[in-house]
């Protein structure tokens, strides 16, 4: 879970077709560049035969040069990034529920979020006082009287210029259109209140109650153009029993929703999440 | 989880419409009958407004008389049982996988199963030596050359006369027809290798791999005429990561499958499971 | 977990020597008083042979009369309470860590705490702005230049007149003297950052790191005059691996500390916690 | 959890002082030797500044040559192994409890153990029929009339010539003397029925009951000359409540004991466990 004792200054991220000698070749570039490797993870996905690598480095590094040198070693279709580790810029979208937002605001206030929280955007007004308490900009984009396209257009006009790395749906209860999602490929993260793929869609706690499950969960995933079908990043579950009403399930679920969401942001901030088909590779 | 320090000699089971004074009235009958109550659970389901009660009693008891007296107090549509606590009679159905069966056989051999294991029945031959090791009768009913109906007819002819309380599907990989299921209402228990309702049907571990879930599970449920839709009795999950192949998922899943199945049999043996709509009430 | 769909108006709490007929006798009093029983739990502790009962009732009730009538039925040494369900009054004691306090403040602000949060008291100043954000009174009682006895005397003078039901130690990092604890018998609740009895005392995450455990936990318990030895109310654990530094352990632990603490307050507010020797009986 | 789709033919294991360029240098040797790397894990322990690496390779390899070449690159005090992946040879020591042994025997019978199970050794006779069922050699070494030293001498004379890699204490209830342990440094694995360091020593379930914990656990660890103080390999826990007697705790605990033990053997068979101070590094 850690690049401890201190975080790396740079991370190298590689996603390329597998072939012999990759680790040796890539670490050779890093060695010659004087990089001080503090952590290293590799994985070859058996199904796609792609190689994934994340290397944390301390100290100074000529990132563009290292990146170019590594890219030159690899076949076409390889993705290479050497990134200075700076907090990821996020905009948080919410509707009316406060628990995930409050958690992010508190972590942000105490320097534990890891992300740079640019703004909170909502289709409602009720969470404005909460954001205000923590001096985080709050923007409401009401949907009344607007078509979905018009509403999303206003959202886009608002958040686009903020230039976030990720849009974080922290209980944003409107479905985003494929058109909107396409503008933010793998850059929208959602917390869904079930252990997907169980209970896709609306009111998962009511669904869970009527199905009589003995376990409920929360899932953080990238948003794709298929509802609740995007790559899963993190899931957590808790046991249930027959005495839980849907309201009790929702209450119990809120604790894991916020935990899953903030841990997911930590993974994204530290560049530990790779995409592979509709799955994720997590180097933690 | 216990009627400890010793198990009760009798259990009273009540499932009836709720109304004031039920606990007082029912415990009055028990008190006058000289029953020594060792444990007591009640629950009112808010949705159906039904009252459920399980009371463990030590000592001697005129079970039919107590049962009749309680029944006389309750409205029509009430279910009352006063049962001497004796092991439930089970027949275990398997296909080719050994892990759940082996677990049941070992527990049975050491007096820890709680059930009376009448026989093992399979549509294959390969597990016969395992049952033989533990001197439990093994019957194979091959399906080759038979229609589903013919095969199930032979199964029924074999297991019917054994007079089991429950048929336990311990990785029995054929789907039972609604006609067969109807003969054993809420008396067939299945262990399914996913956290239902995720991954209904065949090859759940392959489905789980391709969906990229971070948690897998096992579910024990009563079999209904809808595939994998019957009331859930128990579920357990374990965390996963991207490095698990479907084969690894299956391996990890086997440990929870057998644990969930044997714990479910314990609940059934101790009459801790009530049905309520398509849900279960579990008094543990 | 619930008296749902609505909470009870009254709860009856009984803790007495076991003997036959208790449930019948007690529920008879409730029935004749016209109480509408909405939930009922009983347990007999095998070791102490004491009987514990919690009954939730809706509607109006002459609480003192019912209590007296039940008490008259029971032997000496019985504890009977019939309490109108109103939020428990709490004072929260903190030192410098914000995460548990922030969680309580957010829940309080949104009506989800269940307790009546009277004030926050600290031996430091740094959390004052956090309490201020949520308009909860904050009092600091610095310890500099004071003996333990003097400091505790000031604490007592501050919190005594507030008349709280419980003092909640939400990462209060000073050990309270037996004299202070004796003034609040079973009315001080602490969140300890380990799965007690492992890692008693200071710096449990450092202890956990050096012992190389693969699981860490948090424990909510009543404070007794033996350090970290009081009755345990709730525990939760999370898996660890070798890559976690003490700082990572602390970070991961914070999420379960606050969850365990707020769930413990829920249990206390709903009068679900009974004491039995140095153990707790939890009716959830 | 996997070197899948197929297991590696060789593993390289390195434990040495950290310094820049290690991964590049070591993978260079492998590359030049034509090794087909199928998995790779590295970790630097911040406290000891030691570097750990496990690399799985497919295909043919001149193991001694590769090992020598890598060793030549590294400073004194480095440990290098290039091992053909063959099952680890184990002798299982038991006393009277059957559940862990039965689990190992079943897995062994179906080719799922991973280890080569040489023999079962006990200080009692009662488990002989169980071992016999699965045609595994069983030896009893009764302790009656013998001093601890004499008994351990007979054990040593029995198991020494079998030349096992590990002695596996699968509920062996005698404490081994430091002298015996010193003969098998980090080669004795024990399953302890608590989440160590809680409840060291005898009767942990009784200790757990009296302490009133809400979670119990099992711990697999290497045996050192300090009772229950050796490096922890794996731990698992399950929730408890007040209704569990010590007997119930023991029953519930058996399921996790056997799971933890068999998963630990899998880690050892695959050479995924490194020692670091009194901790373990687990590459899974």
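Letters A, B, C and D name the chains as they come in the text, with residue numbers starting at 1 for each one.
In the analysis below, a residue touches a chain if its C-beta (ideal position, glycine included) is under 8 Å from a C-beta of that chain, and two chains touch if they have at least 3 such contacts.
Being a predicted model, the structure only gives us computed values, none of them experimental.
At the interface between chain B and chain D, two copies of one sequence, more than half of the residue numbers in use are shared by both copies.
Between B-C and A-B, more contacting C-beta pairs join the chains of A-B.
Using the mean of the Cα atoms as each chain's centre, the chain most removed from chain C is D.
Centroids built from CA atoms put chain C at 37 Å from chain B. With each centre defined as the average position of its C-alpha atoms, the distance from chain A to chain B rounds to 40 Å.
Shared interface positions of chain A, i.e. residues touching 2 or more other chains, are given as 4-5, 43, 46, 241, 243, 245. Contacts from chain A toward chain B in the complex involve residues 43, 45-46, 195-199, 210-215, 217, 231-237, 241-243, 245, 276-282.
Per the touch definition, chain D reaches chain A in the complex via residues 4-5, 20-21, 23-24, 27-28, 30-31, 36-44, 46, 239.
Interface residues of chain A, counted against chain C in their complex, comprise 1-2, 4-5, 98-99, 102-103, 106, 109-110, 112, 130, 133-134, 241, 243-245, 247-248, 251-252, 255, 259, 262.
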